Amino acid sequence: MSKTIFVLNGPNLNLLGTREPAVYGSQSLNDIERDCRETAKELGFDVDFRQSNHEGDLVDWIQEAREKAAAVIINAGAYTHTSIALHDALRSVDMPAVEVHLSNIHAREAFRQVSTISAVVTGTIFGFGSHSYILAVRAVAAAL
Amino acid sequence: MSKTIFVLNGPNLNLLGTREPAVYGSQSLNDIERDCRETAKELGFDVDFRQSNHEGDLVDWIQEAREKAAAVIINAGAYTHTSIALHDALRSVDMPAVEVHLSNIHAREAFRQVSTISAVVTGTIFGFGSHSYILAVRAVAAAL
Amino acid sequence: MSKTIFVLNGPNLNLLGTREPAVYGSQSLNDIERDCRETAKELGFDVDFRQSNHEGDLVDWIQEAREKAAAVIINAGAYTHTSIALHDALRSVDMPAVEVHLSNIHAREAFRQVSTISAVVTGTIFGFGSHSYILAVRAVAAAL
Amino acid sequence: MSKTIFVLNGPNLNLLGTREPAVYGSQSLNDIERDCRETAKELGFDVDFRQSNHEGDLVDWIQEAREKAAAVIINAGAYTHTSIALHDALRSVDMPAVEVHLSNIHAREAFRQVSTISAVVTGTIFGFGSHSYILAVRAVAAAL
Amino acid sequence: MSKTIFVLNGPNLNLLGTREPAVYGSQSLNDIERDCRETAKELGFDVDFRQSNHEGDLVDWIQEAREKAAAVIINAGAYTHTSIALHDALRSVDMPAVEVHLSNIHAREAFRQVSTISAVVTGTIFGFGSHSYILAVRAVAAAL
Amino acid sequence: MSKTIFVLNGPNLNLLGTREPAVYGSQSLNDIERDCRETAKELGFDVDFRQSNHEGDLVDWIQEAREKAAAVIINAGAYTHTSIALHDALRSVDMPAVEVHLSNIHAREAFRQVSTISAVVTGTIFGFGSHSYILAVRAVAAAL
Amino acid sequence: MSKTIFVLNGPNLNLLGTREPAVYGSQSLNDIERDCRETAKELGFDVDFRQSNHEGDLVDWIQEAREKAAAVIINAGAYTHTSIALHDALRSVDMPAVEVHLSNIHAREAFRQVSTISAVVTGTIFGFGSHSYILAVRAVAAAL
Amino acid sequence: MSKTIFVLNGPNLNLLGTREPAVYGSQSLNDIERDCRETAKELGFDVDFRQSNHEGDLVDWIQEAREKAAAVIINAGAYTHTSIALHDALRSVDMPAVEVHLSNIHAREAFRQVSTISAVVTGTIFGFGSHSYILAVRAVAAAL
Amino acid sequence: MSKTIFVLNGPNLNLLGTREPAVYGSQSLNDIERDCRETAKELGFDVDFRQSNHEGDLVDWIQEAREKAAAVIINAGAYTHTSIALHDALRSVDMPAVEVHLSNIHAREAFRQVSTISAVVTGTIFGFGSHSYILAVRAVAAAL
Amino acid sequence: MSKTIFVLNGPNLNLLGTREPAVYGSQSLNDIERDCRETAKELGFDVDFRQSNHEGDLVDWIQEAREKAAAVIINAGAYTHTSIALHDALRSVDMPAVEVHLSNIHAREAFRQVSTISAVVTGTIFGFGSHSYILAVRAVAAAL
Amino acid sequence: MSKTIFVLNGPNLNLLGTREPAVYGSQSLNDIERDCRETAKELGFDVDFRQSNHEGDLVDWIQEAREKAAAVIINAGAYTHTSIALHDALRSVDMPAVEVHLSNIHAREAFRQVSTISAVVTGTIFGFGSHSYILAVRAVAAAL
Amino acid sequence: MSKTIFVLNGPNLNLLGTREPAVYGSQSLNDIERDCRETAKELGFDVDFRQSNHEGDLVDWIQEAREKAAAVIINAGAYTHTSIALHDALRSVDMPAVEVHLSNIHAREAFRQVSTISAVVTGTIFGFGSHSYILAVRAVAAAL
């Protein structure tokens, strides 16, 4: 069985650390990748960490996970709130899947309080900054 | 005049046969392509059959159809319910265009009962499984 | 097993050919009956073709179909958008049932874009003028 | 040209005079028929005055008016608020058509403030008790 | 004073016992009529038990009840959720009137959780299968 | 008792005859005033005919009518759809009050289908062009 | 098996007889308790009759019913319209449960026409004044 | 500084293990308490674990946490979806606060997809069964 | 510093005492002016008391208050529910501002339960009849 | 007749002075109690001042007021926005009742702009900080 | 042909420079008038620049523009969001008309994001502070 | 500092000149590019003009603008109405950004009247055909 956790990041997450640090913190996406990798390693997993601004790429990668990954962690960024394509893709994966967000999306604009994918993942973790990812790695490790 | 029917398929339809067969049937997208091709041939047409998880690809292809195709059949998958870009692209084609769905989208979740493209196609056919495509080929053949 | 397809038509469809030909075409309901009969015959079926302005008649006929018909094709006209009685009647039939419309109901007023019966039929075909009926006959023949 | 005005009355209007006189007045439907007839006669028209509790009957009669009447006056009663079949039937008539109500429907429950037929008649008169009918007879006479 | 209770049944209730027994139970409408008759008899009443798929028939019968009945029990079936004509007819009766449903309409689809007639009957009983009718007979007997 | 009917006209009605004649007809407001005056005279009344683009003027005039008029006919134009001040003013008058519109406001934009004043007038007449005013004069004459 | 029926009453029901008698009748809660007890006794059951203004007490008592009662009859008063805690508690009981109301809640304010618990009880009875409780006792007795 | 984490549980959570195990799992609340205690101990904290069916108790306890606790973890059960009192109480605490749910509340009824408290906690974790609590303990430990 | 309190009254308030005394009381606006003047005098202020049916006048006067007044008390009448111009004007004043209403606007029609100005005044007082004004005078005196 | 005014305070108001002083001011609830007591004394009344986080306690106390109090002043805190139980309790009291709030609830979140109790109190005062209570004491004193 | 551009300003715009400079900038309306005049002059036009707090004045002026102006630039201030009278007036002008706003109305309250007049002007420019007016002058000059 | 203005065009704008010229004008996108370039040059800037049917490309390019551009002008086409990814990307740019549209989007379908990006750009210009772009170039030049 695969020991790889796919960690997929959606649009504008590559700007982390430079974009609205008051909301998203000062860590870069590279920092988060490194932290995920360390926690995963400690728990016997490795991590395939990706980012794209294209909704279609995220769909492609979730489909790829069906073949190659043990679990999916996804921060779909802005697509969280509108993408039915991601909903359908995640519904088709037969493995632990966790939705994460850095910020507390319920303390922000109304349009960020709707997630099209929550209903089709195992569980959701948000509001803990980059630590949301670490908790997600622990969650999928525990589930596997 | 072109004798080619573009049959365009949206996100996650490449998973057909493996994804929720209770809803979508056990045929693969290849099976559907073969059936379309046979019916089209019998009626004097050929078929250009494509699939993508990217909304932009579907828009590109509809624009391409303006030049190269006699008609468009589209199963826009999840983009059916949200894409205004597809609406605009389809509104610009001056040829028969048919929206198809495998499942009866009105017997499913509320968000699948809204189509942004129905208003700008010639007609819509859904609920007959892969046979929806065959009926669509017949419909465009009759219209041409 | 019965070889009869009930083709049921709702309110004002008897005016076809005289009422708003720009929307509904110039064919009369008699023309459509004749076309359905020919296609059905070719496929080994016959057709029982009826029209009424009374919602209750349509309910009675669907119940009658449970006993006498192999399949039901219904253009419920204006009752499409409000009738729960038709919804319940169609839900009780254990045979292929197809909803048809002449016009593209999604390119018209908002109140015509809601169908109470779509969720309980096998599939739906609309927008192809009188050809919608022919496709429906083919659809039920293929299903039987 | 026909000199007959069809005056069509919907469900429960046969109870006039006995049902909630505070709202609908103490005149019976016969009284109203007599008043309409007199005003029409004075203006050179006669009146075909009917009532039914069946939506389908009202549709049948409007279709009949296309052949036999010079104008239609309709108090569709409760069907005013829900019937798309009446909307479609009235849209197909090519003559003056007036919607009337005895009571001021905008001073009553919210569900009585919606009319599916107002958009497809020539004009609407309500709130004047049985005098609404007399004004409607004058209105169609003036239009003819 | 009349000792007759009108028990009026709306569309598709004649299919009871054959239609979705998991929802509506296995008793036929004849069984329910017999049970009502027995309970009524025991309490000194008789029962006039009717069914129609036509909204207009139900309106006619409620008007007839004004003359001939001591009370009305009505299961308006699908018309429960949309009929203002029934609302108006029931509002005009000056006697106990009870709305019944076999199933728990609040544990079903959203559109079945709206009743246009609840506001104008004495009371409502639902969810007890055919026993809902028996309780209604007891309720009107107690009220008379 | 006063024999004067106040006929009050709201914003932009002074443009009648020049503004969108397809919707509002080719008669000027002066023509309508003359017609009202003639009909009123024939029925034993005279007319005080006014127009203003200011909501406050209309409120002032309705208050003035409480002292000086026998009845009020009002075409509040655009203020029809939003003015609670007119609603309150009309609610305070203790005489016949009729709302008129030239066009069929229910065949136009959704925002024109809401009237804040219908609930507080005696009755409403719309869709008959300038003849709506004549019918209104007749209606108030009959009521007085 | 327990022969005790829990009859639970929510906020302000202790004021019965003194609070708005036009709506709730002149019987006190003690009168209703006595009537329930008599009917239950006649049918071989006894009654544990309670009232509280605290939502938490009602939840506690429904949980207690899981251990000690044969059935639950509940008039949750104002909590009927907002309490998900009661919904969850009632969903966990594995015995007949009946929702009752004294008044016809559908003939009152809109906020009283929503019940959070109807979907999770066996059935609902309302509008018969204190007799609603008696019918409920009969309903649970018949079900047991 | 306090080393105690308050873990507060709302209505019906005391039924865990017996109520709908398909949704909530087979662990009892005691099992969860034990697991929390172990993880907390390992991280240098202890746990004060409570449950109540009373909204007021939860408010009282959150206020108590302001004095005595280092952090709050709360599964407010049904009160999650309606309680503004909990929102206000949590807004007043100046320490890490985590909302947890056992089930994936976004894969359930619409009314469970609204949380009044998400906006005022540090973060939210749901869908991991009893493991949601463990992750919450880790989250607050990391934050302190 | 100015010792003048502007007390501004909107449309139809000049009718007080004659218009719906059951709702608005029998005091005239002059009576209220006198009472305000007395209370203000007692507290060391004088009053500039005005009324207009014109929204623009109220805006003009609020702007004038910026120069000349110590505080503003406003009963905007019907404009309370729709005027953004008043909202903007009040937002620009840098002094105590109090919204008053004679009647309990929350016990009346839904459209009277929305105030566009509440958010930009210091506070709001309603339901105490003419005493609402006295309390407002006391409130601004205390604030100054 | 009783000379006692019940002043009832809802959830989290015991935190006044420590919780969000920018919104609620720096006075403690004790300070407000003292001020109410002084003003009441001066006007010949005494005050029974209470606070609870339990909705049921507030209902109990309002019922108690029916026996013991001359008037009720209530700041229901968060329960203001959701409690129908308080609505019903207040509707049953036959004495002056005033709703107060410290802050301007209309300048805050949307959910704080709805009050379930405004419609059933005599009047409402909000936005004046602790002075809202003083004005309320004056208001009930004037009414008694 | 006229060379005059009417520049019309609605309520509270006369306060520019003193009211919320953070939102509206520090320029006065006189400054904007001067800038408009200069740009217009440079392009061969002159400017008639007006301001009123009265909706009716704006309607009067737009009607006047039909006679005297070459184009209309309008900042309707608060009336932008509610005035159908302005909508109707602008619809009647047969010349370039531009809607301007100083601030970015879409970055502000929801009620400022609705414009009743956008649909009937040539185009809209907002968010550039006083420069919005300059761009509008250029836009109408280019169009003429 | 960069002197380059990014002018970014969304889906289907490459069809300009051929698609619905009545709505979008007869100019091609090349014509618009040429006009922008000329105006920019005149004002001392150059233009990087791009078009894509892919939402992700537009996001990539806005991110690229953060490094390379002095300002961004964007006509996001159909993505204007749904894209939160563009909203987030534009929010992260620290330079003038202008939203443009060729047509008056408020005179078209309701779904085109919502823009997800207006709130995060400097300002918006629409309705002037290709001249909207020229005005935008002037606007950013003035801002820089």
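Going by the order they are written in, the chains are A, B, C, D, E, F, G, H, I, J, K and L; count residues from 1 in each one.
Definition applied: contacts are C-beta pairs under 8 Å (C-beta built on N, C-alpha and C of every residue); 3 or more make two chains touch, one makes a residue touch a chain.
All figures in this text were calculated on a predicted structure; none of them were measured in a lab.
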item	value
Required steps from chain G to chain K (each step between touching chains, minimum)	3
Copy-to-copy rotation for chain F and chain G - C-alpha atoms, rounded to a multiple of 5°	120
Same-site or different-site touching of chain A by its copy chain B, using the half cut	different
Which of H-J and A-H has more C-beta pairs touching across its chains	A-H
Chain centre separation (chain J, chain L; CA means) in Å	55
Rounded Å distance, chain E centre to chain J centre (Cα mean)	48
Chain E and chain G: spacing of chain centres that average the CA atoms, whole Å	23
Per-residue multi-chain contacts in chain G, two or more chains	54-57, 82
Every chain pair meeting the contact rule	A-B, A-H, A-L, B-C, B-L, C-D, C-E, D-E, D-F, E-G, F-I, F-K, G-H, G-J, H-J, I-J, I-K, K-L
Of all residues in chain L, those that touch chain B in their complex	10-12, 14-15, 18-20, 52-57, 77-79, 81-82, 111-112
Contact footprint of chain A on chain H as seen in their complex	104, 106-107, 115, 118-128, 131-132, 134-135, 138-139, 142-143
Touch list for chain I against partner chain K, complex	54-57, 59-60, 63, 82-85, 87-89, 91-92, 116
